[in-house]
Each structure stands twice: as structure tokens, then as C-alpha cells.
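The structure appears below as C-alpha cells.
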Amino acid sequence: MILPFDLILVLFVYICAVAALTTRDLLSAVMILGAYSYFMCLLWTEMAAVDVAFTEASVSAGIGTILCIGAISKTKRRSND
Amino acid sequence: MKFLSLITVLLVGVALVYGTLGMPRWGDPNSPAATHVSPYYLEHSMHDTATPNVVTSVLADYRGYDTLGETSVIFTAGMSCILLLRKRRKHKEEDHV
Amino acid sequence: MFDYIISYYNYWMYAGLMMIGFYGMMAKRNLIKKIIGMNVFQSSIIFFYISSSVKRGGVTVPIIKHVAGAHGSHGVDVMQYANPLPHVLMLTAIVVMVATLGVALAVAILIYRRYHTLEEDEIILCMRKG
């Protein structure tokens, strides 16, 4: 556990969370959510939880983003807020 | 509406920060989460299951029923997705009211 | 004071992430935005559990490197390795999180097929009209 690295990663996680919730284009919001999952994965590698980082990178950032893109392709891309 | 939800979120945040005042310090090796059962797993994993990776041995061996329940959750989620999203040909009038 | 902040800031970090996700779930009107907020909320709880498994002072990942003696505590120094139990529980939680995401997106697609919109206020207007 390295303190400056931890603080920088947490800052990126916060920026990605706020950007994913405020973007009006839903496809870019989902892409930013994938970036959020990858920063979470880096944060957990840094906290010595490598198995959780594997699972996050494959399941949450991979399959979750694919599911969201499929849902958006079936529905609308624009959002009002 | 946004103002009301902002007030609720701030109240929840204050309650959470107040709740963390009694938590153990971060990274304390003698915290309650690190003292009861996890030293047993770390010490006996190599002898009991011959697996160097403790996370794998706990996931598949010591707590296998937990993983079985997780698999049943995944199966239920997949089945419900298929049942929700299939095309219904006969009752087409009821779908588009 | 600085020592106090160093010892407790991870709890404040997870509280802030949980507040962001909760605000997204309540105040955003788009259904996909609500689902994204739910994802952030669940990630913050997983962050809290994983950060409770960290031990200070040169810990490594919980993979046993070498075993010297096979008696007593089997030659393993517990203080060298991180706590493996929250990792196992959160492996389960991540997979369940993706299953929840899939079912929520399926329900959102059904709502779009019926009302042809994803905004919550327009859906409520359509429900009141008929």
C-alpha cells in the first residue's frame, strides 16, 4: 500500500464516477463507467487483492460494458439529464 | 426533487462518517477482521488443500457452498433475462398498448 | 491530526463514492443513469470491504510462497499476507453485481419497448394517460 499512488487512483475514480453520471450521451457514459472499473481494478491490485482485480477487469469492465452497450443499441442513446 | 435528494444524500453521508468513528484504524494488523478466522485459513491452507493461493482454496474448498449459491444466482439471472427478453408472437397486441 | 487522517481516510473515500452513487440513483431521471448510479454504489461497498483486508507493514498478496516446517502453525507468518476472507466474499459480490446489472438492463429494455422512452417523468405521464 503506497499512499500517493492510492490518493491519485482514488482521485481518478472520483472523476470517472462524476463524469459517468453527468454525461448526456449514454454511450460515452458507459465507456467512462468501463474506465471507472479499470481504475477500481488498479486500486485493488495496489491493495494486494489480485484475484478481485482479475475478476473486476474481466467481469465488471468487460461483460458489464458489453451488456450496457447492447442495451443502449436496443434503446435510445440520448439522455435528458 | 433534486434539492430533496441532495439533502437526503448529505444526511446519509453525515451518518456514514459518524459511523466510521468507531471503526478500527486502516491497516491495523490486530483489527477484528484480521484476527478470528483468516489466520486459520492462512496457516492451514497448504496442509489441508495443497493450494498455495489462499483465496482459491477458501473459495472452492472451505466455502464451496457459498460458490454454489453464487452459481445458482447467476443461473437465475440468466434465465430471467431470457424469459424477459424473448419475443412473444401470439400476444403482440398486448405488448404495444 | 495528520496521523488521524491517514488512518481513517479510506472510510471517508467510500462514504463519498456511496453518496455519488446514491445521488445518481435518486436524482437522475434516465433509467440507464440510475443503473450506472447503482453500479457506483455497489463498487463503493466492495471498496470498503477490500480496504478492510489491508495490513500495514510490507504485506503481500495472499499466496503462500514457501513453507519451512510442517508442524505447529505450518511455518506461515500470518502478518506477511493480506487477509484473504474479504477477497473471497467480494469475488462473489462482483459476479452478483454483474448479474443484477444484466437483469436491470433487461427490465429497462422492456420498459422502452412498451413506452418508447427511458425518461422517468415521461413514463409516469404515459402511465397516467392510459
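Side notes on the structure shown:
Letters A, B and C mark the chains in the order given here, with residues in each chain numbered from 1 onward.
Note that in this section a residue touches a chain if its C-beta (ideal position, glycine included) is under 8 Å from a C-beta of that chain, and two chains touch if they have at least 3 such contacts.
Predicted model, so just to flag it, every value in this text is computed and none were measured.
Taken as a graph of touching chains, this assembly is fully connected, with contact between every pair of chains.
Comparing chain C-alpha centroids with the centroid of the full set of protein C-alpha atoms picks out C as the closest.
Per-chain CA centroids place subunit A at a distance of 17 Å from subunit B. Centre to centre, using the average C-alpha position, subunit B and subunit C are separated by 8 Å. Between the CA-based centres of subunit A and subunit C the separation comes to 11 Å, rounded to the whole angstrom. Residue positions 1, 51 of subunit A each touch two or more of the other chains.
Of all residues in subunit B, those touching 2 or more other chains are 27, 53, 55, listed in ascending order. Across the assembly, subunit C contributes 6, 16, 23, 51, 53-54, 56, 62, 86-87, 91, 95, 102, 106, 109 as residues in contact with two or more other chains.
Within the complex, the subunit A residues that touch subunit C are 1, 3, 10, 13-14, 17-18, 20-21, 26, 29-30, 33, 36-37, 40, 43-44, 47-52, 55-56, 59-60, 63-64, 67-68, 70-72, 74-76, 79-81. Within the complex, the subunit B residues that touch subunit C are 1-2, 5-6, 8-10, 12-13, 16-17, 20, 23, 25-29, 31, 33-34, 37-39, 41-47, 52-55, 58-59, 63, 66-67, 70, 73-74, 77-78, 80-81, 84-85, 95-97. Subunit A makes touch with subunit B in their complex at residues 1, 51.
Against subunit B, the residues of subunit C that register as touching in their complex are 6-12, 15-16, 18-19, 22-23, 26-27, 51-57, 62-65, 67, 70, 73-74, 76, 78-79, 81, 83-88, 91-92, 95-96, 99-100, 102-103, 106-107, 109-110, 113-114, 130. Within the complex formed with subunit A, the subunit C residues making contact are 6, 13, 16-17, 20-21, 23-24, 28-30, 32-33, 35-37, 39-40, 43, 46-47, 50-51, 53-54, 56, 59-62, 82, 86-87, 90-91, 94-95, 97-98, 101-102, 105-106, 108-109, 112, 117-119.
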